[in-house]
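Each chain carries a letter (A, B, C and D) given by its place in the written order, and its residues are counted from 1.
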């Protein structure tokens, strides 16, 4: 019951924020130099055609009315035509979003699966050599943009030692009918184990490059939280009752530190979505982020608006999920009887 | 202040950080004197020496039009540092004012300001900067605008949380009772308590501004040629991999050195200035 | 713990899949920088041309090993004044199985003109109408004599009317809906040797061979073609070294071509496609509105260094010197003119006569982001012209943005380096689009050149049918262009391709088999790939 | 003195190493607790009383930089002679501890029932959840919790401080330890609740025959609880004796100062002894002891 209340409040806030995002993007898109009608029609249009298009795009109406049309179109799922691909923006997003999500989700899993344990080890051996090594390494991973790590990884594991593929999502000899757009899922639907392995092989290096700075962030955060947890009386109590250090670390310290970590890791998801712009470019990954770079470079207005809206919505939904997860893990929220 | 200095100098990690940052700052300031080819920061082409691997003459090799990469890195540091200073000195005051207003006055002011902040925070930072940058002309000034737009909300959040906690503290109540105006309470009483957290964040952020700016220019949305810029040097170089690795690897390492230095210092500062 | 598991599984993955699986079919993989547009009524670019000639057929085709055109869908034709009558082959069917008839030709023409995009401008105002005389005879009636008409027909791919009409969506064209505008960008409806299997603008268009094609393919022609988009130079280079890519795009930097050739992974071929590498000067914006300033830039230009920059190795270069506004092989070209060369003394002389002092106006130079090697030319100009006192800025601009910027002459960059190809094997298709004052502002006409004498010569060239007279007319026009400098004529572009060893690109390897127009050599069915 | 003693501390010293050398915190402490005896160790914060408890527990010895010397006999066994594992085995079984703030000492992400089960497993690793629940219910009823089922299903933050304190007491005694270390128990609670739970604890240890080392800064609190009192000041025992003797006849100047501070104390307050006096450093005073 309480989760539901909390969820609906969060959902309402999310919708409100999404509304704000749409205003922000709309304003940015309208203050840019250049005539959207002229851009949409291309180089050979006559003045009369441009005037006609201006009416079609409602550019002759006041800003407020323009925004109303913009939101109306959004709700109808009509984001206009992309100049970059000559197709409806929604078609593009539908085709490219799964590839980016696949990459980002895998990177997120790596971030948690590697970052959290690293942070826990670092906190557990605080002040000893393992801690120092992990701290310096994780600080280094957050100190270079992901495109630098991507280049380093490609150079080492694709060029010099050809262990991993250079581009693409699956071996070219394997054709998988798209169902969900997630290659890892589609290969399984098609019952192609070789395809699944090939897709995993292709996604591994980009996802790892993308996750590196996230791993660093997650590890540093977990370390700080766990050190905070180690100072809590209940850890001393566990020690007083003679539980082994390993049991204390795994059961008494890790789980309470996980809660604040997870909340922030939700924010780190934003960083992953952003960094995907850099990583997809290097790995020629046919995702929404690479598309985003393309359309931004080409000032493809409709596509920019669509891409930014979708990425923001994805990010907000991801945070909502993290929030839900945290409330499931955190009994304080689940049974918030006295605490609030 | 003195205590901070003592602590920074007493920790091997922050000493390493100070050395790295010192190196970056010095090379940026003294680029005119220490760069082997100071004119290579500008519109110079020397096709005879184009794309040469590292040698005694060009320590880090030359780029595809024959310019010394080491010299260009020094000048690129100058651009990065300038960008960092400008962005933080605009973003911080905006964020601080918004955070103080929302945190101290509360009520509707709080709600509206913080929802606006949420809007900015809910677009992944790099994406927001990219969108702004993509829609404007790619100039250094617009780059700064784009990065600033994504930066201030974080300071607003930080100051907001502190201001909310401090406004119920005794000294604030005391100041209100003796008739201190809102401005007085916000800027004279609460703000000083936010300073340590702000300073720490700024140190850490200096590195991140460099990182974000290099990401923008990596995607072709940053500083325009011939101004040297680390991100565009990497991006330019990736086309010539794996043969001409020096075009990519050295500018990439240069980013790492600068950001790593600031992060090391910021990390130690955080432990000292924010004990919890 | 988790880390080691992850690393181990990564290693297993890497080892297990490092060896490429055996290929089940003959496959050809090549790439191009911008995304190809499949709808033949919309495409104009190189990639669009390549898709069009492989998915569709035209009435005539550029003449193999020569100049002019040769029969293709049309077996022969008669010209009576403005009336062109074509007899069609009767053995051609579309990939759908429908026979190709005169009605389809008429429909294709009307569709292209109705949509008003792509190459429709080549026919705009020239053709009164097209009609199907019988199933295999089609007649075009022109508004007035138009000498380049036959050559222009290489730009009119024939689409399958029935298939198109079966896929129309809502649109502004009455019974024709949207003319299947959306569907045709994703699917093909042609008679060509290949049929589109899938199209992903960020990855590739996949084409599959159509065994019933009416012309014979080369031995070991590819059964499946992956036409990839937007790959980085380094990616192409690495893929080719690994044997995972067959033919590169022509936009790789010279170093990368050289590295591929050196390694022995590939051999290089070039396509002279009637293409000039032009540095278009904006004649509307000061200081370049003054011809003396334009000449100053042209004389100061370092042609030798530029040619040096596009030289790949001792055997291959991406450019050859130009002596006038025309690439070799076009009507009006004079092989005896001396090549352009730098002359700083004359440059200073012209600069002194220019109404603007160099410092009065900034000079904006744009180079196209998709072609990285061009930054060098831009940097070279920046260095040169800065020395002359100009305040020069250079900008890396994506192609799509350039096409938008050039529509406004008052703000378009002063100098843009663009390669422009003749669209058909006729001089008119190059010069008219670039320099006739009636052309709207586009990337082709980005000089915004206005010269009445020149306009008159071009108009006469269009209606004149005597080849010798046309040669004189275009030579005269060429001379005006040399004098008025609406562009700096950098070099004649030779499109270089790295071809993986074992793959034979016959059309470019044997001059007797080469088609004279840029892009028309990439007929995939004429390429041999290893089993 | 005899093998019957639950705890016998002899000449206990503790020092910390740091960059500039070492600092001694405990300067040779002697302390005995007989079986079933309740002993209080009283002093200001920083006097060394809490570290003493942690040395007995054995956690202080695991802290980097800490050096402990002297003899600690627990039930006649020398704790120093035990291995780390053996010493850990003692904790939670033969020896247990209660902390200052019961609410923060109970892990917030587990239910009380789970925590009780975990503690029971220390003595009987194979104990089932049902059995643990039954035993937990029994002991909770012993600490006057009327609805043990609800408490077992709750998280610490759902219960009141007093309730948590009872849970703590119950958990500390559930494995029938010989020695209970109580570090400022209930100081975080309000005065009446603290008094209630202390009474409860007293009754319980009496009926279980558990020895207690009660650590407090507040002489007033230990008056009703302890059989004997040790007063500690700056790492030295300054006075020891039966509770009645200390209260009736405080002989050491520091003890007198502490006693004088009691009336000013409220619930969780820290005694403020305004003036420092050199006389506080006077030698230890021992009252004659009546021991069985």
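Some notes on this structure:
Here is the rule we use: a contact is a pair of C-beta atoms (placed from the backbone, for glycine too) under 8 Å apart; a residue touches a chain by one contact, two chains touch by 3 or more.
Keep in mind the model is a prediction, meaning the values are calculated, not measured.
If you take chain A and chain B together, the chains in touch with both are C.
Among the pairs A-C and B-C, the greater number of C-beta contacts is found at A-C. Of all chains displayed, A has the C-alpha centre closest to the centre of the whole protein C-alpha set.
Work out the mean CA point of chain A and of chain C, and you get 39 Å between them. Note on chain placement: the centre of chain B and the centre of chain C lie 44 Å apart, centres being C-alpha means.
Annotation: 52 Å between the Cα-based centres of chain B and chain D. Distance between chain centres (mean CA atoms), chain C to chain D: 88 Å. Residue positions of chain D in touch with at least two other chains are not found.
Contact with two or more other chains is made by residues 159, 282, 297, 299 of chain A.
Shared interface positions of chain B, defined as residues touching 2 or more other chains, are 220, 238, 241-242.
Contact annotation for chain pairs lists A-B, A-C, A-D, B-C, with touch applied as defined.
Residues 127, 232-234, 236-244, 252, 255-256, 259, 329-332, 335, 337-339 of chain A touch chain D in their complex. Those residues of chain A lying in contact with chain C across their complex are 34, 38-39, 42-44, 46, 83-88, 92, 95-96, 110, 113-114, 117-118, 157-159, 162-164, 166-168, 171-173, 194, 197-198, 200-201, 204, 208, 282, 284, 286-287, 290-291, 294, 297-300. By the touch rule above, chain C contacts chain A in their complex via residues 1-3, 6, 10, 13-18, 20-21, 23-24, 27, 29, 35, 37, 39, 42, 116-117, 121, 182, 185-186, 200-203, 226, 230-232, 235, 238-239, 242, 244, 369, 398-401, 403-404, 406-407, 440-443.
Those residues of chain A lying in contact with chain B across their complex are 13, 16-18, 20-21, 23-25, 28-29, 31-33, 135-136, 139-140, 142-145, 147-148, 151-152, 154-155, 159-160, 228, 270-271, 273-275, 277-278, 281-282, 292-293, 295-297, 299, 301, 304, 308, 311-312, 315-316, 319. Interface residues of chain B, counted against chain C in their complex, comprise 43-45, 47, 51, 64-65, 138, 220, 224-226, 236, 238-244.
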